[in-house]
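Two complexes are shown next, each including chain A; its partner changes from chain B in the first to chain C in the second.
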Partner chain A sequence: MSVSGETRIGRNYVEGLRQKFPAAVIDEAWQTADQVTVTVQLGSLPEVVEWLYYDQGGWLSVLFGNDERPLNGNFAVYYVLSMEGLVKSWVVVRALVDPIAQEFPSVTPRVPAAVWGEREVFDMYGLRPIGIPDERRLVLPDDWPEGLHPLRKDSMGYRDRPAPTTDTETYKFINDSKGSTTDVPLGPLHITSDEPGHFRLFVDGEDIIDADYRMFYVHRGMEKLAETRMGYDEVTFLSDRVCGICGFTHSVAYTTSVENALGIKAPPRAQAIRSVFLEVERLHSHLLNLGLASHFVGFDTGFMQFFRVREKSMTMAELLTGARKTYGVNLIGGVRRDILKDQRTATIKLCGELRTEVAALVDMLLETPNLAQRTAGIGRLDPKVARDYSPVGPLVRASGFKRDIRADHAYAAYPGLPMEVHTADGCDVLSRVLIRAKEFFDSINMIEYALANMPEGPILIEGFDYQPHRFALGFAEAPRGEDIHWSMTGDNQKLYRWRCRAPTYANWPPLRYMLRGNTVSDAPLIVASIDPCYSCTDRVTLVDVRKQKSTTVAYKEFERYGRERKSSPLK
Partner chain B sequence: MFKLFKTILKAGEATTKYPFAPFPVSPGFRGKPELDPTQCISCGACTIACPANALSMGTDAQAGTRTWELFLGRCIFCGRCEEVCPTHALALTPEFELAVGRREDLFQRATFKLEPCAECGQPFASHKEVDYALALLVQSGLPAEEAEAQRTHLATCPACKRKQNLADPSKVALGPYINKGML
Partner chain C sequence: MNAANPNALIIAPGNHVPVPLSESEQIAQLKKTLLKDIQRSAYVYRVDCGGCNGCEIEIFAAITPIFDAERFGIKVVASPRHADILLFTGAVTRAMRMPALRAYQAAPDPKICISYGACGCGGGIFHDLYCVWGGTDKILPVDVYIPGCPPTPPATIYGFALALGLLGQKLKANHHQEGESELAQPRWPDMPLDLRVQLEREARRMAGYLYGRQIADKYMSLLDLKSPQEFNARIREYLKQEDDPRLTEIFTRLNDISAAVLG
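For the complex of A and B:
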């Protein structure tokens, strides 16, 4: 889409770049009024990203590689910065990587937030980030053959599975502690969310000195699947299934990315409907997390009550979309299902009930002495660490940053909805719980307001032209942070590249710093406080640094200890 | 503490009697897709629309049949099939109790007879699809006898039609081009 010069939001960043790094900027291309892709010299990539990040109020939303050899002979890396300084816009820094050298200068030493993304670029494309402090694999398993990089266009089909190269786990967990510690493996499934992830806690007695973890045990290869097997319109339904909780947010992010790339504007009524469904999703997700918060401080009655009330938000989803989860409502250019009068009346009634019932439950939870005792000052995310790692959602808001994509880059119908970005300065588990509780009531208000002020008109645009090799960003604020999708259309009605980043991806790297200095019994709480979204483990390994001894603790036992804090499994 | 007890008391019994009593779902709930084979013309639109590849269409040229197949194990209940079906043969039902003991029970099939080409005898489209095309002509105002006269033409496979048209230019169907003002 061509964007005329005057309406471009974020011109100042590009002009600033041209002034500060006159030799670096090669090209700029505008995808929408507030999205610009700036191609820079490979050598100045770290400086450019650092300047935008720290000097101009940017946050690193996602970074990814792309195999553009069939298009221009090179690989490319893209660093997506959400500019949240004076002017709110998106700046994507792109650099071409030589197909022979296959190297690029790492940004991680200057901007730590880039670490996971650069490790993934190496796994998926074999492009080596020079100077990255952590060169381990991120996504690929230990038994994956060296030199096979699945997202390269010439590497493999989505169905192929290479033969395993090793039977043993070769992954090295990083331990930065000075003294000796004990290893506490927590995993392969997480304790709160019952999803796979391997945590290694390095403890001295009861204190966590350092922690490392490994995810991607259930990497589903969705990006490869979307690029090779599915049509671009069918990917909408695949994106619905990225997450079992915030799937609709992903499908909104995906459809807007394609809409932005092709210059399609979904009708206002469709936008309003999207906003309503997004908030319905937030309702049930926040209630789930509030329930789990109760559970983990030993207030199981609260857990039961939250889950009982949560059922009303599930009914609301079923009523409005025809399914409790995976709404399947989005299409490129709008939505498939209108909200009719009966549904509206029933939803507004449910909203009222939810408001009173949850208000009572939240009061009760806050009055429970356990809550403050167990969560205040626990799992501190230092604002400095938060600034360095670009976490998202209630996690970053609880550390004092006013980041919410619904406000910063308002999409769907959010510009016209009554909302407030809640922040807290506690930086701890308690603040995150409180922010979720506040957001819950905001969501109810927004649903009611949107239903009362629904614009008239069509809900779906039809008859647009598909153009290959267009790309743009799409985004949506999920209950646990922003979902960012970057789509590039390709030949044959298929995506050339789809990068989908779920919010928890951005929240894992700083977790290590949140665990440090807490006790083992706090670990499940801290992990749960980021409301993680992955598949979980039922065991934990504890490593005693002093005794050089490793213990594996059954999940039930670890969870029990987290709640009762009696008879430590370490003794 | 007292408030908590009051809440619990007020909540009463939250569990339902399911599976001993039916579990109601909201109107418009998207459950198992159901095919009405009498309406289906086996055009295959649903198999193209299905994002999950749960629907497929297989042709057995030897037997002269075409089989529509739904594999519920893949179905994501999105309802795209329902949207694209030209004859409303396929619709989602509120049915959600789909667990089965054997994998084979997750398949549903409907077999349709193919129409042999009037010229070469090779099956090319389903019998019902040809009927449907004729019915559409009648519906749009063509007298029934004239439509019936077109049957042989409609029941000819595209390859044979092309050959026929080569031999006799007067048989070339120019209608659509004239309507669009392209000639």
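For the complex of A and C:
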């Protein structure tokens, strides 16, 4: 899309790059008024990303590979930086990777936030990041054959299923502790409302010295699916199913990315409706997390009460969208459902009820002595670590950073809604709980305001042209952080590449530092405090290195110990 | 079942498609006896084989105060060793095949297996992907399917009741044979087709698929091609009664269209 020179936001970053690294910048291309893709020499990739990240106030939102051999003969890697300095814009650093050498200099030693992305690039494309400190497999399962990289255009069909190479887990867990420690594996199956994942805690007595984890038990191959079986307009409904809690946020991020790429402007009423639905999703997600926080500090009455009240937000979702979950109301260029008088009045009534009931519950929770005792100073995310790893959502806001996509890169109808970005300096579990409580009431205000000030006009545009090989970013703030989607259109109305990054992906890597120095009984609480699509685990094996002994503890025993902190299973 | 060597249970996926485990006749008999005379609470263990969390959240909703499945004696437990019912959610991913089989082995016989949600029942939108084996029944024998994306809490409780033999399944089938002189009637036989298409299209553009259709139908039911005055009065009356500015906005647009077409 042509963006005229004057309206470009973020020109200063490109000009700065050209001055600082005159030989590095090969090309710049503007996708929208505030999105630029800068192609740089492969060798200077780490310096360029480091300069934008640390010197210019950038945060690494996502990085990914792309097999562009059919287009220009090379692979490519993209590093998406959300610039949040004085000028707020997006800078995507792109570098071409030689199809024979298949390697690129790793950015991780300079910007630690790149570690998961670069491991994934190797899994999916076989491009080796040279100098990366952690070369383990990330996304693909342990029984996947070596050397088969699913997202390469020529490697395999989307439904080829190679025979399993092993029936046992082979993932190696990293332990950085100096002394002897005890091994505590958690997972992958667990009781609470979560996805599978495997944690390994290294403990000395009760204290967590280090931690490591294996995720991606639910890797299904959605990105490949979006590029093969589905049309670009159907992927909207696939993105609804990325996450069971913040699915609508994903579909907004996806439709925004395609709308940005094709230069489509969704009508104002559609944007307002999207914002309302996004905030409804935040209501029930924050109530879920506040409920879980109560549960993990041993305040089970609060947990049940929060879940009782949460049903009101589910009723609201059903009323507005027709479904309790997985709304399926987004389309490229608009939405499928209007809000008429009946829905408006019923929603405003529910908002009022929720405000009173949740205010009472939050007061009750805060006055429970357990909460402060169990959460203050626990699971500290040091601002330095936060700056290095680019976490998102209430997690980073509780460590003092004012990051919220709704304010930084306003999308949908957020420029016109009354919102405030809440931050705290506690860096601990308590601060995250408090921020979520504040955001809950903000969401109610926004829903009421948006419903009272709905713009007129259609909710869907018709008649836009599909053009292949256009790409752009789309983004939306989910309850637990930002969703970033990058879509590139391709031939036959299919996407050439779709990269979808969920917020928890950015929040896992710093978790290790949050667990260190806490006790075993705090682990479920800390993990739940990042509000992952995962919060605890089913069984715990404790390996005491000092005693050279291994014990397996049932999850329930572990969770009981987390709540009561009596009769340690370690003894 | 070979308890001493759990790996004996695992059937190598022939032709890269797993062969589901089967249960012996003796166990099937035991299960029947159990269902006839359960007379106690049933314990449920959830196994997430690769779901998106939507199903898990709705199961959570089903066991918390509003829906409260525990009043029927259905309780979620923390270990498969305590379970009578195993609830599998999500399409079975490669990485979760072994953990799911291990959970199955850990539960005592006779056990009831429920496949939960669209992905659990048949793999859903992910059924043929490279990292997915398909629905739960691709690796295990399944007794009850609870469909939905995700199933609502009432559907969940209904499914449990089916699994426990508390309810018979309600199935309704109705086949309609077209009679010889039977003709499908258009909804608005007197309406010019062109006008009808334009009205419906505009209403959908303004209010979406469901409400757009309802609003267009309402408009056309009020529309009187013979006497425009009467029609306008009727519309005014209706809009006044509804008192919805958005509906008035949409009706105004529909009025403009019918005025342009009818002249």
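One rule holds in what follows: the second predicted complex is superposed on the first by the 560 of 571 C-alpha atoms of A that agree within 3 Å, B and C clash if a C-alpha of one lies under 4 Å from a C-alpha of the other, contacts with A are read in each partner's own complex, and residues count from 1 in each chain.
Methods note: a residue touches a chain if its C-beta (ideal position, glycine included) is under 8 Å from a C-beta of that chain, and two chains touch if they have at least 3 such contacts.
Bear in mind that the values here come from a model prediction, so they are computed numbers and not experimental data.
Touch criterion met: A:M364 reaches chain B, while chain C stays clear of it.
In the superposition on chain A, A:R241 contacts both chain B and chain C.
In the superposed model, A:R159 makes contact with chain C only, not with chain B.
In the overlay built on the shared chain, the residue A:R308 is in contact with chain B and with chain C.
Of the two partner chains, neither chain B nor chain C is touched by A:N74. The partner that reaches more residues of chain A, of the two candidates chain B and chain C, is C. Look at A:T326: by the touch rule set out above, it reaches both chain B and chain C.
When the two complexes are overlaid on their common chain A, residue A:E456 makes contact with chain C while staying clear of chain B. Judged by the touch definition given at the top, the superposed model places A:D143 against chain C, while chain B stays out of reach.
Within chain A, the residues touched by chain B in the first complex and by chain C in the second are 238, 241, 305, 308, 311, 322, 326, 336-337. The touching residues of chain C, when paired with chain A in their complex, are 7, 10, 12-13, 16-17, 46-48, 50-61, 64-66, 76-79, 90-91, 93-99, 103, 124-126, 128-133, 149-150, 152, 204-212, 242-247, 249. Residues of chain A that touch chain B in their complex: 230, 234, 236-238, 241, 301, 305, 308, 311, 315, 318-319, 322-323, 326, 328, 336-337, 360-361, 363-364. Interface residues of chain B facing chain A in the complex, by the touch rule stated above, are 3-4, 7-8, 11, 14, 25-26, 28-30, 51-52, 76-80, 83.
The part of chain A that touches chain C in the complex is made up of residues 140-144, 150, 156-164, 167-169, 188-189, 191, 193-196, 216-222, 224-225, 229, 238, 241-245, 247, 288, 304-305, 307-308, 310-311, 314, 322, 324-326, 329, 335-341, 454, 456-460, 462, 533, 538-539, 554-556, 559.
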